[in-house]
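What follows is chain A paired twice: with chain B in the first complex and chain C in the second.
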Partner chain A sequence: MQPSFAVRAARILLYLIILAIFVGPFWGIIVTALSGLVIKPGQLLLLPVQPTLANFKTALIDMQVWRYLLNSLVVAILGTALQVAVSALAAYALARRRFRGAAIVSLLVLSTMMLPEEVISIPLYLVVQARFPVIDASIYNTYAAMILPVVGWAFSIFMLTEFMRAVPKELEEAARIDGANEWQIFANVVLPLVRPALGTVVIFGFIMIWDQYLLPLVVVSDKQLFTIPVMLGMLRVDETITPNVFVAATLLAMAPTIICYLLLQKQFNRGIMAGAVKG
Partner chain B sequence: MSATRDLSLGDEVPQQPARAKRKRARRLDWKGALIPWLFLAPALVIFTWFKFYPMASGLTMAFYDVQFYGESQWVGLDNFARAFSDPDLRAAVGHTLTYVIVSTLTASTLAFFLALVLEGQARHLRIIRTAIFLPAITSAAVIAEIWRILFNSAPYGVVNSVLDQLGIAPQGFLTDPGQALWVLVLMQVWKSTPYDMVIFVAGLVGINRELYDAANVDGASRLRMLWHVTLPGIIPSISVVIMLSFIRGFRVFAEVYATTGGGPAGSTETIMTHIYKAGFQNLEYGYASAVSLLLLAATIVLTLIQTLVKARLSR
Partner chain C sequence: MGAVSLKGVSKSFGAVEVIRNVSVEIAEGEFCVLIGPSGSGKSTLLRIIAGLEDVTDGEVRIGGRDVTELAAKERDIAMVFQSYALYPQMTVRENMSFALRLKHRPKDEIRRKTDEVAQMLGLEALLDRLPKELSGGQRQRVAMGRAIVRDPSVFLFDEPLSNLDAKLRTQVRGEIRDLHRRIGTTSVYVTHDQVEAMTMGQKIVVLRDGRVEQVGTPLELYDRPDSVFVAGFIGSPAINMLPAMVGPEAKTLHAARSEIVLPMPDGYRLESGREVLIGIRPEHLETVAAGAAGSIVCAVDAVESTGSDTTVICDSPAGKMLVSSKQRSQARTGDLFALRPDGEKLLIFDKASQARIVRA
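And then the complex of A and B:
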């Protein structure tokens, strides 16, 4: 039964309204960033006027957005890499080895999932400020202060644990008979088999770290180290920036997560479901 | 170190094969027991350093008048007493509750209908679902800037010019103490509706098709099917979505701080912005830690309720 023309038209209209609400603002941002016509703050263009890339150039070079983007990229890429590595190792122990204390470790890690990061921001600030003995230096005002606290993430440990549990025991035993040691079993047998889950953990880790706001705000005071989300608010009140250039900077700030999301669709949806099921 | 010494010892005493064997077995056990801890070590170091220790020190700081450069004073429950009598905190809790409850219920209701409209495997539906998910993955700071543009109080601001077309006078939005919180609620709805929808779509897929067929045979109306088949089928998803966004909503910070900074006139101050200001602007670490602990307690209670509800539903 083919729906009538009226019903189909109504559906299409509904789709357009939905798209206008949820995607419209992004469209406005992109078009405005690409337009040469100078607007007032609070305005967005719907169609490009005098198309140009000059806004991006001004934002990146004159306003030094390249530096904040680079900071964000360094933190997000190194943070994700370390987070995935640390989580994969821990997940291997929790999923594939039976040992005394495993239940307690799982519980402790799980408890941090409930713990809102924000709640420990003050003691975390003091921990980051703490000076190491001997070298008499702290990680305050370094990339490490923004990276290390996000390396431990219960979500990725549990996601990987779940997937590693599903790897058949026989494969591991076969490798053991062939003389593989523990590390080889981890790196050559189990890890390649959980590649899809690694993809999910990478994209979620990246977006989570890119999204960090309170942490960089608290553990870094040197403007040269600010990440782009923290810097946006300061760029806005900068009197030398024009609205078009600021919109271009905003677009640059969201581009990496959007690219990541569009490239890794399948892994992404799996992660949402895992997060929703486990809480 | 001791493992290698054991090995040489075992090799030197071949006249006692039974003992050596037992020793080797014990050594393997010991090594076997160590291996999982080696794999766990990096995670344990990081978690202890940046999670467990700060947690524990936050717990103790709540009972002290913390001095950054001097001796901290034990003050017992003073920080908590102050928290309960602080009118600013009371206002912040009120704002947070309004923000969380209204945005959660609105977003999940909208998401439910959105999921009904956009459910299905057709190509255009998948593309629309992917596209409208953008607000959910965009970082809070970026969304804050987008909303400051959309809801600019100038008459030529994006939303104000739409209102102008409808014959409505320009509004103050984020600059109006009576409206700012509602603009933030709307922003949260905009960000979480697509996210909730994705979970609901998956819930809808899981509903047994035969139930619809049976309802069809019985001549049930569309509305009755929605009420008696669809809704019960995705109640588990709905409860998860609502509880999760409650738990997340209570600690809202970036969305508020980057958009209004708690203003105008404190009208959008939430629990976390209150803690941030107490801790990092007034340097009252002890008081801020006490409020953090109360927030944590609320989170734990909510999480326990969620676990109970989930257990109930899955029975």
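And then the complex of A and C:
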């Protein structure tokens, strides 16, 4: 039976309200960034007024957003690569090897998820400040200070552990008989079979590292090393720039995560689905 | 090629002993079947030969070399798994050549060997396919191909046919037999299917509760089983077992809980009153006129016909009995008839020890 006109109209209205709530702010950002007219606080444009790309140019070049984007890219790309490598190896050990204390290791990994970032920020600051013997230097104020603390992430370890557990034992045994050593079993047999999960872990890891705000704020004081979220935080209170330039910078900050998602979208969806239907 | 020798092999998982002092000699080029019910330890024994399980005690030798402490990859064996264990992300060619690639063999040698084996198994057209694009029988052949390419000393098969349908199972059974004839590599084959064991094995090792119950050729096991267990396990339809007692002057056997009296077969020297079990293969029973001496009166319970063979399941005063013959039966449920066992082919077991009593 066809729904009546009133029902259909109500449904469309509901969709429009939901669309306005979710897409409205994002649309507002895009329109403002593309508008030459400087908006006032509380003002919302529906369409660009005096369309221009000048706000992006000002943000990228004059405000040096490119530098912070580059810093964020370095941290996110290196951090994600290391995080995935460490997570995959840890997950392989937890999922496929039996060793004394495996349960304790799992618990320790899990415990890192239990503490809020704010709670560990001061201890983390102290650790990062600690000076290595012999070379008498610390990683404070370096890329390493922003990368190393995010390399071990419980979420990706547990996600990969579950996927690796699902790989049949016979495949590992067949590879063992075929002459494969531990590394070859990991790299040639188990890892290719958890590719969908790897895609998911890369996307989540990249976004998690890209969005880090407190960590770079705590472990880096040199402005030249700031990442884009830290820089956005500073721009927000900078009265010399217009809101239009600020939102243009915000859009630029979002771009890499969107590109990362689009590139790995297929893997991401497969990963999510595979996780859902696995028994 | 290599002979396989197990000496006093034991294996425990914690407090549970799954293999108990097993010693088996498998000659070079022999096709040996390990058979037993679930939990008998046959797969564990195969995994011990493969090096996938350590032994708790004992020694494993392959080709005269002590491999007890060696890892699986150092034993020069190849294994075909029940689930085939093909690498899902690799094509048929990559699956078959994986071991050679790990050994860093020259590329043209890898290609030549893979092509040769693919041709031998009729897999040429499938070389670029992924395992998920193959049928069960084709996957089975790829798993065998992967084993053959390596040219190992010993092939190990872990119930490789159990995931196939009945028709395909018969076909692949023949293919494995042909392959063994052509290549002649020592093979150890685990199954719980006694038809597979009887039709494929040159030697059969019957396992029970982690122990070797009997070792022999298929017909030795069928004709001269050492125990009630082996007699019952080998043969389909299963052997009839009648509890009985040796009669006065040891000239008769009296079936328990019935009036059935069978003449004592020649060559047995049994003391009167001894409790025994009489084993009668279903094909060693013939239908005779009612009241004939040494006959058992039965009532038909069911008739099972496969077309070529007919098995009649009947109720006798001594319990259920199976009769099989090549002739078709017109019998109907409830029909009465008399059966007489072939006295020469009766098997007599001691009731207490369950061991077969040997004719003098």
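Note that in this section the second predicted complex is superposed on the first by the 252 of 279 C-alpha atoms of A that agree within 3 Å, B and C clash if a C-alpha of one lies under 4 Å from a C-alpha of the other, contacts with A are read in each partner's own complex, and residues count from 1 in each chain.
Just so it is clear, contacts are C-beta pairs under 8 Å (C-beta built on N, C-alpha and C of every residue); 3 or more make two chains touch, one makes a residue touch a chain.
In this text the structure is predicted, and so the values were computed from the model without any measurement.
In the model built by aligning both structures on chain A, chain B fits alongside chain C without clashing. Counting residues of chain A touched by each partner, chain B versus chain C, the larger count belongs to B. With both structures placed on the common chain, the touch criterion links A:Ile157 to chain B but leaves chain C unconnected. Shared-chain residue A:Ala180: touches chain C; no touch with chain B. By the touch criterion stated above, A:Asp238 is placed in contact with neither chain B nor chain C. In the superposed model, A:Asp62 lies in contact with neither chain B nor chain C. By the touch criterion defined above, A:Glu170 reaches chain C but does not reach chain B. Contacts of A:Ile207 after superposition on the shared chain: chain B is touched, whereas chain C is not. In the superposition on chain A, contact of A:Leu193 is made with chain C only, not with chain B. No C-alpha atom of chain B lies closer than 5 Å to one of chain C in the superposed arrangement. Residues of chain A that lie in the contact sets of both chain B and chain C are absent, per the superposition on chain A. Residues of chain A touching chain B in their complex: 14-15, 18-19, 21-23, 25-26, 28-29, 40-44, 85-87, 89-90, 92-94, 97, 99-100, 102, 105, 108-109, 112, 114-116, 118-127, 148-149, 151-152, 157, 182, 186, 207, 210-211, 213-214, 218, 228-230, 232-233, 236, 246-247, 250, 253-254, 257-258, 261-262, 265, 269, 272-273, 276-277, 279. Within the complex, the chain A residues that touch chain C are 168, 170-171, 173-181, 184, 188-189, 192-193, 195.
Interface of chain C with chain A (complex): residues 50-52, 71-73, 77-79, 81-83, 85, 87-89, 98-99, 102-103, 146, 150. If you check the complex, the residues on chain B that touch chain A are 33, 35-37, 39-40, 42-44, 46-47, 49-55, 57-58, 61, 114, 117-118, 124, 128, 130-135, 137-142, 144-146, 148-150, 152-154, 156-158, 160, 190, 193-195, 198-199, 202, 237, 240-241, 243-244, 247, 250-251, 253-254, 257-258, 272, 275-276, 279-280, 285, 288-289, 292-293, 295-296, 299-300, 303, 306, 310.
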